[in-house]
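Reading through the structure tokens given below for one structure.
Chain lettering (A, B and C) follows the sequence in which the chains are written, and residue indices restart at 1 in each chain.
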């Protein structure tokens, strides 16, 4: 039956070829098993090692570090796959909200001269709680919860009550 | 070889290892031109094992909960090394397993392997198929993306159509009136605890029955072989059939790896309960034939609500399907042909409806 | 009324003050319905004189308790038409068009009166109206111009916030167009009648009517409502800057402002049109049919060169964004997670938008700052996309090696099976 192997079709060689052929099959099979085992085990081992980028989970991200923001200033941070706006008010309080304008989805910014959140696209203005107070925005910006833990400022979505 | 033999004899001395594996040695597989179909059960089992292993790996990083599930799957896909591979294999293997389970069932049907004395094997098998679909349904929700969210909404809605018990059942499944984070928690529990427990028990029973009863021979061949025992051809299960089965497993592995690497399972968009359902939402392909049927039934049939009728009909068909072997005559010569006809019809119906559902808007 | 008098008979007053107050209130509210003899006839009369109870009950004035007599005078308690509509009873009949603004103003210009209903409602409409083109012409004796009721409707006048109101933002343009788009009606006035047709093609109309953005400008946003008049050639940018603040800021400091003012050209309108404000494209900077610069500038001069520079800067960033998009799309469709770079693309697009806004400064150095920022972000995203493609190839190589190993095992198993079975 081994004749089905295309490399060894000569029936006269059958006896003399038997031993090396067996060795060959064993090496092939053993090598194959080892190689596939490596191919399966390697990804699994790599998978088991926890990645460096720690998973903050979910609905909370580090928006910045304490001391990074002067009073009366703001910065954009990444929140999931949308931008968020972290503001430090003139009195030193932290506020955070979605940075996507509710009018046409431009990214809003903090204006230290107005002490308001401002959208450059059509002059929309929001107060520091995210309420739309002038211009085209039809809805307030979604507000986020801010927690200062140690050196880091955590922002997370408000839980529905 | 000798240390291995020592271990064996040690085990044999403790609990009679050799007696335990003796039936496996004697076990044979009938050899005929349809013998290939015997691989399907083994492949399904192999994929089940893959599901268990990759499922355990996913559990290391997955977190249930409406606020975390999507992000944790995203984390697995992007941050964890080879996380994409593990998740993609889990998803692809799930789909392949459902496919091979269906194929296995139809092969059993056409080879008439469900006849006496194998009724219990059939019943446990069909129950396993239902469990596997339950795995699919519950697992689909776990990434908490839009498609999954609405598929679950529609799917549980259909459950709610059943008269009297439907509504409580829907609330039980959803963990409330609506699909929410509570549903996710429940489905997670079903998916990783309840269903695997049940499935393991049933798989063991199924295998035990196969082991006790041996492998079925198609009725025509059985008649021939009893008449002329010299024509009987079979293959030893161990190692001959087992090695071939292993080849099938390796092929399955290769296919899985290729699918996972070339078509990684995508993640979609995080579910938002407040947006309206995307147009033309469809369930996974293995529910499509039922979904499409329900869509085609007119809203009112005589005085019964169309959806209720459809759900009841599928329930009844499912029940009859489980009991199928009992409609078969135990006289091989008088084998009723209608079951084969039914099987052909069922296959054609499911395939046709699935394709229709796939193409329909 | 006999019933009312009975109830009001003054016995034990203190106890009944509350009840009496309620009854009086109820009687007053019911007054219009039970004893308004006007509608008895007018609801049956044909159109110019016909006002049904159904129609009038929609009117905000009716809802606030006013009646026919509040504007038209007379005595609605009398069933006798001669008595009810007698000049002696103060009946005014059909209000002369010239008198309408004054009549509405008797209440609407009286803060003390209006305060009883809606303290935050403005009371300057009449004053504003007198400054409008409509008001001035009316005062000069032209009765074809719009008076209060032409825009606000009459007898079924609704609050502007009501979407059925003729002055609700979505309906304003249609209301103005009733006269201003009617060429035969407007004959004799030397103004065009195509404003509405032009406005209908504009990005503002698109936003308001199609997207339902109630903040998008309609006629009154730029012309004023009660004080309706063209904003004035040199004041256009002040109007536009209400929403387009950045553009206006840039323009204010630009060389064009002075030049346009010197040539009394209407600011923003010079390039963007007035009523037909189409969504601008970079082709506006070009030399093609959409180009606007070369209407004034001569080919080859310094400005033309700056123009060409600006246009090529914009298209360079645009192309950089598009090519990054394309790589990211391919990476995404082959299953790679590139959501971070996708988010970055939005920032690059923001830079492009900003650069397009900065164009209004007409300064290449300022525009270049935005362009460079955008190019940097786009380049990073392109890099991320390419990295994802490298990762994809790495996966494929890994897959290939695994498949080779699997192939070897399969071959080995096959040979082994053949061997033990031979």
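Simple rule for what comes next: a contact is a pair of C-beta atoms (placed from the backbone, for glycine too) under 8 Å apart; a residue touches a chain by one contact, two chains touch by 3 or more.
The model shown is predicted, which means the values in this text are computed figures rather than measured ones.
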> Chain with the smallest distance from its CA centroid to the overall CA centroid?
Replying inline: A
>> When I count C-beta pairs in contact, which pair ends up with more: A-C or A-B?
In response: A-C
> In angstrom, rounded to a whole number, how far apart do the mean CA points of chain B and chain C lie?
Replying inline: 57
>> I'd like the Å distance between the centres of chain A and chain C, where a centre is the mean of that chain's Cα atoms.
In response: 38
>> From the mean C-alpha coordinate of chain A to that of chain B, what's the distance rounded to whole Å?
In response: 33
> Could you say which residues in chain B touch two or more other chains, in rising order?
Replying inline: 85, 250, 253
> Which residues of chain C are in contact with two or more other chains?
Replying inline: 339, 398, 402, 406, 409-410, 413, 416, 421
>> Where in chain A do residues touch two or more of the other chains?
In response: 36
> Where on chain A is chain C touching in the complex?
Replying inline: 1-2, 4-5, 21-22, 24-25, 28-33, 35-36, 38-39, 78, 81-83, 103, 106-107, 120-123, 135-138
> Touching chain A in the complex: which residues of chain B?
Replying inline: 57, 60-61, 63, 65, 67-68, 71-72, 75, 79-83, 85-86, 250, 253, 270
>> Per the contact definition, I'd like the list of chain A residues that touch chain B in the complex.
In response: 36, 43-44, 46-51, 53, 55, 57-59, 80, 157, 159
> Where on chain B does chain C make contact in their complex?
Replying inline: 74, 77-78, 84-85, 88, 239-240, 243-244, 246-247, 250-251, 253-254, 257-258, 261-267
> chain A touches which residues of chain C in the complex?
Replying inline: 213-216, 241-246, 339-340, 342-343, 346-347, 350, 353-354, 357, 398, 401-402, 404-406, 408-413, 415-416, 418-419, 421-422
